[in-house]
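Dumping the structure here so I can ask a few things about it.
Chains here go by letter, A, B, C and D, matching the order in which they are written, and residues are numbered from 1 within each.
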Amino acid sequence: MRTWLRHHRQAVALALGKLLAQKAAALLNALVIGVALALPAGGYALLANLLAVTQRFAPEAQLSLFLRTEATKADADAIADRLKADARVATTRFVSRDAALKSLRATEGLAEVVAALGKNPLPDAFVVHARDPSPEALDALARDLRGLGGVAHVQVDSAWARRLAAIAATGRIATGVLAALLAVGLIAVTFNTIRLQILTHAEEITVSRLIGATDGYIARPFYYFGSLQGVAGGVVALAIVWLGLAALNLGVQDLADSFGSTFRLAFPGAADASSLVGFAGLLGWLGSYLSVSVHLRKIS
Amino acid sequence: MRTWLRHHRQAVALALGKLLAQKAAALLNALVIGVALALPAGGYALLANLLAVTQRFAPEAQLSLFLRTEATKADADAIADRLKADARVATTRFVSRDAALKSLRATEGLAEVVAALGKNPLPDAFVVHARDPSPEALDALARDLRGLGGVAHVQVDSAWARRLAAIAATGRIATGVLAALLAVGLIAVTFNTIRLQILTHAEEITVSRLIGATDGYIARPFYYFGSLQGVAGGVVALAIVWLGLAALNLGVQDLADSFGSTFRLAFPGAADASSLVGFAGLLGWLGSYLSVSVHLRKIS
Amino acid sequence: MISFSGVGKRYRGGHEVLADVSFTLDAGEFAFVIGRSGAGKSTLLKLIPAIERPSSGTVLVNGQNVGALRRAALPYLRRNLGLVFQDQKLLYDRSVYDNVALPLAFSDHSPREAERRARAALDKVGLLGRERANPVQLSGGEQQRLAIARAVVNRPAILVADEPTANLDAESARAILEIFAAFHQVGVTVLIATHDEALIAGRAGRTLRLSNGRLLA
Amino acid sequence: MISFSGVGKRYRGGHEVLADVSFTLDAGEFAFVIGRSGAGKSTLLKLIPAIERPSSGTVLVNGQNVGALRRAALPYLRRNLGLVFQDQKLLYDRSVYDNVALPLAFSDHSPREAERRARAALDKVGLLGRERANPVQLSGGEQQRLAIARAVVNRPAILVADEPTANLDAESARAILEIFAAFHQVGVTVLIATHDEALIAGRAGRTLRLSNGRLLA
């Protein structure tokens, strides 16, 4: 047990020593892995931001329920009660015809139109948020609400819901592609680095074997090296993603300002960041494991 | 001269031979470079698509010129002539009050509003496209047009123009960041690969020097190796970008369908593709050049 | 201790390098393998740590049939042998000290004991004071002595040395042989291959004479 | 052809390995450098192709002061020398044939002429037929002969060999010396370092005797 511990300590020291002895080379390797990792990690961060943005539009997965112009206050109250009782309805909001006119007037380009109107032509309305945003559920709900008394017209914003679903699907595909690239890229980099490490240490490996080193003893520093390299690459990738997002935010700021929004691209949180680094280390270990399995036995 | 040619032929053969002798390793290297390259290349392709999409909105960098409701046909003709004579105006389109009402009626959700209107409250209008889409130029043009007789109101859609400018700026920053990553990433990968190539051939380099090889002769295969590797990485990056765009298009298709659009992400053209590969080869050469300069002299 | 019986060796695609070699070396014996270049001396020696496996016959080391050992068992066999290779197999990217200390890394000594042994081994071959040098900074003969120091650092019960004096002048060679003799004195079994007839002239110890892969009586 | 005058050599941080060495070797001469392990033989030989530079004094080769040559000029100096290194410096990831043909790659021969020369050189050292083998498949002595074949393949005017017979039995060593003698016959200048007094006994040729870095008369 003490020997076992000592051997592992030696292997870590050896791997760390090799990384530190060639600072420039180690930095380069980390940079290579980092750049490769930044692709999916950055993509992931952007996707997370995209999803956050689209979630703001998620309330648009809604129904607009217009009352007849001749509908009374009692009609409106009855409809409100009916909506409250429906399990499929998340929230409802009553928009009076006066409020509607006011918001129309505030819409850029329509002020003149509204000014030209003699009287308010708009009806009272309910904005209904459904619990289930799927296009099918919205359509079914709309069909039922259309039958209520006093309702002139139900408009389903399911086009938006359909768009959201498509965006989410696109995002999922992209995440899948990126995750696959993440894994393959990092494993490939480590596999290759360890292959070259083994080649450059061929002499040492041969000699160590001849004088009684076990394969486990020989392989151990490579495992540690691969894992450490993965971790270093993960850290570099984080830095690249961070810098990239910061740079993009310069542009996003102007864009958001023009919309009067304070939106900024969010940086990955501590949990995401540390799981990126941990995952990179794990993949580094896997790459070195595969590489050692393949290449160590090639050295007689 | 014949010797010179023969030496170069030998160096290419040697570099190619080394690439092909270790097919798996060469593939891995190409994969690593490809993944690293795919980041900015894919980003560039997406940006190009984004720009194409925003260019469709570019006509929105426009002015809307509303006439007084009491304006006559003669007033409208005079304004049309004045607009045609203005060098800053690209095109003008006359929108009659009847046409405006029709299009308002076609707008989703406004049909009821229009139906409720007694008479057409809308004025005649001109839609004016400026040659210079910058917010400043649009504002200046609007100021001049506001002074014309018969004009009730000039509305500048410069909010859109400002957004476009912001999007373009964001795109430019992103392209810059990505291009820098492209260059650094590829040079780093090549630098590192050649470093390890040199290390694994240290013996051969030492011996060749001792028996009379010039540094140029020793370095040449590494240059070719680096360039070939860059080219191979460029090809892999193209493939990754192509596959990535194809995968994204599955989602984009649904999204575009929901807008009733036939829009698809465009693949890089032949010119872009070949300049990507050529650029990758060039950067590969640069990486190998730097690596050889640094590492060859370290080998006694 | 070491016993060859009916050993033959044919490299893949080559001719028969060893044919019907049989001999037994008892614990504590001192023996030379002698023969011309290409006679098969190195091949014979490589069968003992199972660097090569016999094509026929059996090689016993400490009663183990080493030709039939599983790959995973080889390290434990080799740790009990002290090997000097004809091409020395030094690590030129490590210091002299690290080269000697290499076999101690996978045995079970405290760091203090390991250092004591490494320095003692270097002292024995006259390289104490050159610990921090790189092997390329040693002369050919000094490199050979470094290889010997590495072989004995673990105090193995069996020493197998392939041409350990090839790069040494007669006097230095004699000094090296004295080192092996000293190990022999304390009970170590020693087997040395050499092409140098003059070296063994008048020395105690058995002589195994190889010619074209066959042991001459 | 080769002329040392007042040559001293001190490695960085080391003692004086050569001190005030002066001698001249005329074109076509045959000479041995002899001395004990560590006497400075290899160091002396390395000054000729400028692998090491003298700390003092001058080394002239064909009238060139090689100690003062620019780095870029070294390849052209070395192409005119045939060098056999003490540690042979063979490439173990290339075939025997490729090892011999290596120096032909940077000289100006047609592929056909290059092949003819490579095969002729292998023939001279008795390795024809082993072209496709890997050097690790050669015995120690065969590797040494391969190193000699590579040194002579370019038909240099000067041959400098460091312990070219260290791994050879007396008879094989004599055969190798005959090869050097044959080159000497056709006018090549030959300088051989060896620790083996017996080898040069009764041979024609000058003897430069080194002891502790000084040339004995």
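Operating definition for what follows: a contact is a pair of C-beta atoms (placed from the backbone, for glycine too) under 8 Å apart; a residue touches a chain by one contact, two chains touch by 3 or more.
Since the structure is predicted, the reported quantities are computational estimates derived from the model, not experimental observations.
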Neighbouring chains shared between chain B and chain C, ordered by label: A, D
Chain whose Cα centroid lies at the greatest distance from that of chain D: A
Distance from chain D to chain B - Cα centre to Cα centre, in angstrom: 62
Distance from chain D to chain A - Cα centre to Cα centre, in angstrom: 67
Cα-centroid distance, chain A relative to chain B, in whole angstrom: 23
Computed distance of Cα centres, chain C from chain A, in Å: 62
Residues of chain D whose C-beta touches two or more other chains: none
Chain contact topology (line, ring, star, complete or other): ring
Chain-to-chain touches, reported pairwise for every pair that qualifies: A-B, A-C, B-D, C-D
Residues on chain A engaged by chain C in the complex (per definition of touch): 3, 7, 10, 203-204, 206-215, 217
Sites on chain D touched by chain C in the complex: 11, 14, 35-38, 42, 86-87, 137, 139-143, 162-163, 166-172, 195-198
List of chain C residues in touch with chain A within their complex: 49, 51, 72, 74-79, 83, 85, 89-94, 102-103, 105-106, 108, 150
Touching residues on chain B, where the partner in the complex is chain A: 25, 28-29, 31-32, 35-36, 38-39, 42, 64, 66, 69, 104, 108-109, 112-113, 115-118, 121-123, 152-153, 155, 159, 162-163, 165-167, 169-174, 176-177, 181, 184-185, 188-189, 191-193, 195-196, 199-200, 240, 243-244, 247-248, 250-252, 254-255, 257-259
